[in-house]
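The data blocks that follow each hold one structure.
Heads up, the next two complexes both have subunit A, just with different partners, subunit B and then subunit C.
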Partner chain A sequence: MKLQGVQQTKWWGVVVFIVAILIFPMIVTQSFFITQATFAGIYAIIAIGLGLLMGYAGQISLGQAAFYGVGAYTTSILTATWGWSPWLSLPIALLVPALLAFFMGYTMSRLSGYYLAMATLALGIIVHGLLVEGKGITMGASGFYGIPQLTLFGMTINQGVPYYFLVWFFVLLVLILSLNIVHSRVGRALRSIHDSEIASSSMGVNTGRYKMQVFILSAVFAGLAGWLFAHMSYSISPSAFTFDASILFLAMVVLGGSGSVWGALIGALLIRMIGITVHTLGEQFTFITSDSEHVIYGLILILVVIFMPRGLFPTVVDWLKNTTIKRVEKKASVAVTPIKRSVSE
Partner chain B sequence: MQDLLQFTLTGITIGSIYAIVALGFVTIYSVTKVINLAQGEFVMLGGLTMFSLVSVGVPYWLSFIATILFVTLIGWLMEFLLIRRAKGADAISLIILTIGTSIFIRGISSMVWGKDQHTVAPFTENTPVTIGGASITPQSIWVVLIMLLVVGLMYMFIDKTMLGKAFQASSVNPMAARLMGISPKRMSSFSFVLSAALGAIAGLAIAPIIFPAYDMGAMLGIKGFSAAILGGLGSAPGAVIGGLLIGLFESMGAGYVSSGMKDIITFSIFLLILIIRPNGILGEKTIGKGGL
Partner chain C sequence: MTLLQVESITKRFGGVVANSEVSFSVDEGQIVGLIGPNGAGKSTMFNMISSIFPPTEGSILFCGKKIDLLPSYKVAPLGISRTFQNLQVFKNMTVIENVMVGQHMRTKQNLSGVTSMLLGITRKERKVYEEAMDILRFFNLESLYDQKASSLSLGKLRLLEFARAYATEPKLLLLDEIAAGLNHSETSEMSELIKRVRESGVTILVVEHDMDLVMSICDKLVVLDQGMKIAEGTPKEIQANEAVIAAYLGAEIEEEVV
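Showing the complex of A and B:
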């Protein structure tokens, strides 16, 4: 018998995902869209991490761009200034954000709620400020340039289709890792923390340790995204790692549905698609400017919270499930109590 | 010594604005438990509405009243159209809702007022006054006076009027307040109106000093939020203390180190204080409300 509440990872979803990744560059060949899809993958990695933090540990981070920026700058400095191989700098680009998250989580362990949210916001502002001000190391506001490209088996991974595949390969790894975490003991512990920290703590769940672990994991994901972002382009600048970026990541998670790994991924794709749509429309109609993009983002956030508080993905999945259950009921014409439980994949 | 005095005066001026913004956060939080990250946009709207009115030749006194009324209307609409519809959403979603609102207002404002900074003439003749070697502009004195007036009026209102008592009651114990016939909806709506009015006042007072632009709300909102957190969320005296402290850190940081470093210094000190006093300086009894 299948245990109630214990969910297996549904692998067919992953298979569909892999097929979609492989097919996309065959259908869409314009380099603009390939680049945008690559960016979407980078954002998806951050969003999945943030989604785990928000949906499972119930914590909000208003400074996720800090870890993203630290990852990007760590690898840039190691490779461009110190001449390391990008592959060698990858573990360091993951380690430094992790250490920052550990230090942050450790000193802030007495904080909770809005105090913690504000602390992460402060961290984001401090890191962005240091990137701008640390001119000797980061080259300041004008940006860091001269970042080497990635090579694999002596071949350069160029921007375009090759880089697209590299990024989405990492998205796949992050996705599988996250799905496994969610459906493990750790995942259940995290969900219990989200529902009631006091209850789970009294059931013997070490809430502090789990929260710290997921915070560090989200920082590592952001660091990975930063590494991918840095080596995709020749130069990076602090303007990519502002408070606005942190808000954008938050928007992705909320739109897709926090408490859902797939939701975060879909949220990242949707936010990117909205940006592209507004941009493309803006080229045709002069009255649509980048301001409209902000107005639309704002409006979407508002509408999603009001009409789909759990986010797009869980709402749609629940709706589909309910309609199938009803159909099955009709067929069997036996009274079956529909099991309503939150979707957590 | 002269420098110290100068930086202190600058710090108190900007700190007064943060204090008013922080009071706006506290007003909404204490009744609805919502953190309104669109608070900074009220300030921006205050400053830019003031600019529009003054530039078409409306007298100052009338501009003050019209600006406050206009921003108050926006605050009321925000509560009525958005916050009220999302009742039952969890704390994270509510924060996102206010962030969405703030992005939306900012986008609309950049369409209306453009991306330039605007100039508003000072309220009165603006020849700097020298006090003990440090100079201060009359407009700065206006800002501090307005802050004191706002704090005084808030105190009078909360402590001496029936509506204020009702307001206090629904923040201390919403259930009991409801049983006494105080409508929680009306109080929630009222908190947004009051808070928008506070934002408008901060905006029109600071307009001649900082050249308002569509994007000034974000940073003011963040600083106001830090001030409210620093003082102890939910405490009005804490908000004023927090605001003044943030203003002082900032002006000292800019003066003694560099203006580029001021935010880094301000938020580093902010984090240090939070490590020592996790509930803020004056402390909040019920920390972590909202299940974050």
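Showing the complex of A and C:
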């Protein structure tokens, strides 16, 4: 059902996406790339949530890694220490980050200006500190180990292709959910807040509540990513949930384009690809160290902000649209000109 | 029946008194004009009625209910909607999407339904869309429905603001200088439209500088000057009121006579 003039989910895009997921492991068979693609999927889930927060609620979180870490540690403790089934701990791994986001949003009830950015920055530091210091529960800086693997119908989902499919199945769910939210009346309300908050609330839109809901949703997505990450690895350590990671998620959204679900997904993939490239080059050239990665991310952020502030995806889509329209117009004018001439003659 | 009752409203911004002891009322079905020279406190009054900010003293009653301390998103569902003098159109959205935001609070969907979230568009969305199209037709905007709002001319933007406010199905519609910057034919189109909206059962309060428009459509005028109410009455009475002529209309009438 097409409603002309209204932003809607383009299902052909989703179909292309599914096909790409299915084809990738057939083309690329090295286990290194499969693992990297799995990681990219985990990051994409976080980036999509952060993209909703930045592009639709106009808020920045500098602490998405905290929700990611809370999700990962919640499930690790429940399954490894308490012996729960990982599937049973999934809802808890989503609920705990959600509650954390709720209390943060509630205390800053209007979520305006840069307060959320500051508060989430602090949250990230606190959570990382607690993971390192809470040795009795989290096993401290050396890391938490003994996390059980996921099983489905009695079969273990191993790292590699099976886990790749599991992760990207969840990415697909998150993607469809997000696309439908932004294309629903809620998404319309969120976009209207972005353009004029005062007019939006005059139309009866409870702007504060919608911003809060998006913030909670972004925390839930990060929690899901944490759950997937924990059960992929036998062990996790606080070093995966640092401020650096939060900045990396931010870079994905800025590069791909906030205010676009697809943009966040593509940003996550690109950043991951850049990381791998730098890593591979580093093995051949000794002067390229792992710190070069950060230099490149920094450069990308600066260039994107200067040359395409809306991010890669929306800019490229608009460019493609304009060139095709121009081409069509050119064809039309070519076809029309001789007729015009004959009339004037 | 009295729809809106403004009771001795005073608004101070620091030392500046924007409104002082202003009282007036709007009856159901009326078109009431709030007029006065620049800086008379008309827009301040509008912002208080639509709960953008609260009054310092006094109270505002809508259908007998005190509304002056409510947040603005709670005033809209009671049946008050408004347009903005400085245009607050959602410029990155299309014309029809703007109107659909106006329908927002009347079109609650059951978001808890996971199926609707995973399958996307629902039957309700289609109904909202068609209703929005009807509203656009009413405001002669239907041919622009899929245009981005940022590409519209000023005249069309004013119509779009009007349409969006109308889409909330208000009992009381506040029009803040809806004809500012419009040419003659656009202004007369606008005044016809305002009358048609009133005929559809909406009470209207306008702030307007265009005297021809105000005099031709309003049943009652409230005149403010330097934050105080100096007169109230029918357009005829106001045109003959000496205090008003002295404060405000005088200059214009003299000019016209010359």
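Methods note: the second predicted complex is superposed on the first by the 325 of 345 C-alpha atoms of A that agree within 3 Å, B and C clash if a C-alpha of one lies under 4 Å from a C-alpha of the other, contacts with A are read in each partner's own complex, and residues count from 1 in each chain.
Criterion: a contact is a pair of C-beta atoms (placed from the backbone, for glycine too) under 8 Å apart; a residue touches a chain by one contact, two chains touch by 3 or more.
In this text, all values refer to a predicted model and were calculated from it rather than measured experimentally.
Superimposing the complexes on subunit A yields a three-chain arrangement in which subunit B and subunit C fit side by side. Seen from the CA centre of subunit A, the centres of subunit B and subunit C span an angle of about 80°, rounded to a multiple of 10. Of the two partner chains placed around the shared chain by superposition, subunit B is the only one that A:I300 touches, whereas subunit C remains out of contact. Within the superposed three-chain arrangement, the count of touched residues of subunit A is higher for B, of the candidates subunit B and subunit C. Looking at the shared chain after the overlay, A:F243 reaches subunit B, while subunit C stays out of its contact range.
Shared-chain residue A:A199: touches subunit C; no touch with subunit B.
Aligning both complexes on chain A leaves subunit B and subunit C separated at their closest CA atoms by 13 Å.
Shared interface residues of subunit A (contacting subunit B in one complex, subunit C in the other): none.
The touching residues of subunit A, counted against subunit C in their complex, run 1, 3-9, 173, 176-177, 179-181, 183-186, 188-189, 191-192, 194-196, 198-207.
Chain contact summary for the complex, subunit C toward subunit A: residues 50, 52, 71-73, 75-77, 81-82, 84, 88-98, 100-102, 104-105, 107, 109, 111, 116-121, 125-126, 128-129, 145-146, 164-165, 168. Put simply, subunit A touches subunit B in their complex at residues 54, 58-60, 107-108, 110-119, 121-123, 125-126, 129-130, 132-133, 243-244, 247, 250-251, 254, 258, 289, 291-295, 297-302, 305-306, 309. Chain contact summary for the complex, subunit B toward subunit A: residues 35, 82, 85-86, 88-97, 99-108, 110-111, 218, 222, 225-226, 229, 233, 258, 260-261, 263-264, 267-268, 270-271, 274-275, 278-280, 287-292.
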